[in-house]
Amino acid sequence: MISSDLWQANQDLSIACLEHPFVEGIAQGTLPRGCFVFYVGQDAFFLRAFARAYSIASAKAPDWEGFNLFHDLTNGVLEELQLHQNYAQIWEIDLQTTQPGVATRRYTEFLLATAWSRDIGAIAAAMTPCMRLYAFLGQKLAEPEIPNHQYSDWIKTYSSDDFEQLAQQLEDLSNRYIVDEPQAHSLYRYAMLCEHEFFQSAWEQEPVTSHPYGFGSCSLMETTKTALPHQSPVTS
Amino acid sequence: MISSDLWQANQDLSIACLEHPFVEGIAQGTLPRGCFVFYVGQDAFFLRAFARAYSIASAKAPDWEGFNLFHDLTNGVLEELQLHQNYAQIWEIDLQTTQPGVATRRYTEFLLATAWSRDIGAIAAAMTPCMRLYAFLGQKLAEPEIPNHQYSDWIKTYSSDDFEQLAQQLEDLSNRYIVDEPQAHSLYRYAMLCEHEFFQSAWEQEPVTSHPYGFGSCSLMETTKTALPHQSPVTS
Amino acid sequence: MISSDLWQANQDLSIACLEHPFVEGIAQGTLPRGCFVFYVGQDAFFLRAFARAYSIASAKAPDWEGFNLFHDLTNGVLEELQLHQNYAQIWEIDLQTTQPGVATRRYTEFLLATAWSRDIGAIAAAMTPCMRLYAFLGQKLAEPEIPNHQYSDWIKTYSSDDFEQLAQQLEDLSNRYIVDEPQAHSLYRYAMLCEHEFFQSAWEQEPVTSHPYGFGSCSLMETTKTALPHQSPVTS
Amino acid sequence: MISSDLWQANQDLSIACLEHPFVEGIAQGTLPRGCFVFYVGQDAFFLRAFARAYSIASAKAPDWEGFNLFHDLTNGVLEELQLHQNYAQIWEIDLQTTQPGVATRRYTEFLLATAWSRDIGAIAAAMTPCMRLYAFLGQKLAEPEIPNHQYSDWIKTYSSDDFEQLAQQLEDLSNRYIVDEPQAHSLYRYAMLCEHEFFQSAWEQEPVTSHPYGFGSCSLMETTKTALPHQSPVTS
């Protein structure tokens, strides 16, 4: 099965995510609140792009069953976003004004460029890491039982049977539609790297709001950190 | 004219690029050779994506003249790429095996996602910074005359009348097709930020080749630097 | 309001549809059963393409509310298709093996080419006729009351408040997103012509199944009538 | 080779085109001038869509060589269109105001919907019939030698080595990129049917200009013949 091969080939990154201090902080309930608030905002932005990518995939499905399966997955994202809305209320996050950070935007542009330009198998390959990795993390963090702390809900969501089912549904679609395996491996790994960087950026809390430039409505971000630095070359 | 408004609104970034040590290094001929070699490889990768974005724009042109103008611009990129081929020979760079760095990939995914998903005016807005900025830099560095050093050819290319004409042609297309001005401002600025970061990444020579992971054919990169670090949160 | 202008400008065609013998046959319950069976099969094929076009539109929506509104409209089509499934059972139609006729395929290719290549306002303009025309026909045929005959359910569906609401939702999206009005008029009228021809083809029951050629799975059709005739030129 | 299989599987239609009175009229120089004038106008419209489809294919090419090959083919279409410009001058046809007929529009929407939504192999499959069929017809009509009459230039163009080379280049791309063979067969056959109908519509000279409706700029047409007829059902 190509879906297992892809997951196996990226064990280094799934382990790196599991051991990442952001994820460990969720596991133990010790993650600084600011990191989680930042993450929820970024993840809401990400999931809106993810829903768009699913919609494109459904429109490209060669058969009607494929359309419906991808359409169901879109509905799954809309439910997941409803959860974020709940978090946002509890944690007092304004999801409407959240600006995407560098890692977020890089990941979403990758997914959307892939969705628009490639075939349905390639899209499935690029989207699976997000689902399978979160199912993996949720299930690991729920062992031996879901801990009782401020991040319990996150662990409950991603360790649930419902979420595992969505991940399997997308893997089934990968198995059905992937024809170019080397390309699938490349897209899958890139998405895994984006996942890892996503945790890292939340851990660092890339400052996205205090940039010196004004932006338009659909906008676009930049961090003060990366915008205008003149650093020395690493080697010269 | 929306094209002038867009350029004026981003003077801070065009000046920041002009004063960037990478560009100053080209101006004075003192840029470390390794930085330039890195840059040429990344730019070749970038231009291939740029040509694809032009092709998509031509296919979306509502009128036949628009198709032809974008098609001509694609031909312009192919000529520019021929120059890179020449550099590559002189500087012994293998363009075929060059892997994109983070800044390169982020910029190209943004351009391609925009080209596939948005209308022709939005595409023109996102693509203009690359052309207008380089014409600006070329012309500034050619004052009062083109210096005589290892980077003369670069300055000659981008200060040429031919290149100015291509930049104007794209700005004409922006003026003709942009209907959503706030969106255009947002896309234009994001591209300007990507341009600045592109110089910065060449200055730093992001290590793209020594990563610990194997990649597939169309692949995809990651730097050793950003792949698996566990840094402390910036604030906690 | 552009949505009313579009509808008003095509009164000739909405009247022509209302007075078309196919629609009059539905109104009076006298439509030959074979015509209706043909029509239901073609309409099911059409609606699957319509759902794909909505999915593409949702992916292109510049704002998240637009995504959700188009996504809801997709769900509306899926419900409408469920009705067809019911018809199919009652009327013993095998929707899985139905091949599209010329008029159907022409209309669906137009909608999909428009959805993939144009902006969201243009897509809304091309899709509205199907919704507004059916709401108009349903409401006209339900005056002064829904007749009691074999086609009552069809009239009930399209005269319902639910359907009127979906039509209005799409018109609201037209009003929100159309920027190029001449283009919108052109696309809207073409779709109206396709609607008229759709009724005509069902009235004529274009023979789609007895063609002399075999087709592949996602296939494609041709009528015996138009496939290989050598007619005299109309004028010479 | 899939490209030969596709051609072989559609011998019935290539023969039907060769024996079509329109093509025989070109062979013998007896085709009514009005038919040819109509055809040249429709073909110019068609080729502009064909060039757009090639541009989309080039943007989707997974490798850079593929981009360049499709880009070259686009250039080939632009040259072919230049020939039409010459015809137009000689035959006094105004290509700018030509409106597409039903058969033309149906074919172009099919090609564009395919180009936007499917992978590069599928696009190549849908586009090849136009190239291979014309090379076949040109070569057949040039046997034993190119006749000397008003349609010699047409025969010269399509029997030339240059055109054969373009057809082979597209078939090479089909062989390289087609992965879903049943889908390729279906798309190829549909395009062949569209080709046949294109000759038929020129033979009949579908009246496209005298329709009773005004159209917008990018417009869209309908024939007086098919617009508003109320015919009896074929069977009832």
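For clarity, chains are labelled A, B, C and D in written order, and residue numbers in each chain start from 1.
Everything that follows uses one rule, which is that a residue touches a chain if its C-beta (ideal position, glycine included) is under 8 Å from a C-beta of that chain, and two chains touch if they have at least 3 such contacts.
Please read these numbers as outputs of a predicted model, since none were measured by experiment.
As for how the two copies chain A and chain D face one another, over half of their interface residue numbers coincide. Fitting chain B to chain D on Cα positions gives a rotation angle of 180°, stated in steps of 5. By residue number, over half of the contacts seen at C-D repeat in one listed pair from A-B, B-D or A-C, namely A-B. Set against the Cα centre of chain D, the chain with the most distant centre is A.
Separation between the centroids of chain B and chain D, computed from CA atoms only, is 38 Å. With each centre defined as the average position of its C-alpha atoms, the distance from chain B to chain C rounds to 45 Å.
Centre-to-centre, using mean CA coordinates, chain A is 28 Å away from chain B.
Counting only residues that touch two or more partner chains, chain D has 59, 62, 117, 183, 218. Across the complex, chain B meets chain D through its residues 48, 51-53, 55-56, 58-59, 62-64, 67-68, 71, 74, 78, 115, 218.
For chain B in complex with chain A, the touching residues are 12-13, 16, 19-21, 32, 34-35, 102, 105-106, 109-110, 112-113, 116-117, 182-183, 185-187, 189-190, 193, 196-197, 200, 203-205, 207, 213, 215-220, 222, 226-236.
Contacts from chain A toward chain D in the complex involve residues 59-60, 62, 117-119, 179-180, 183.
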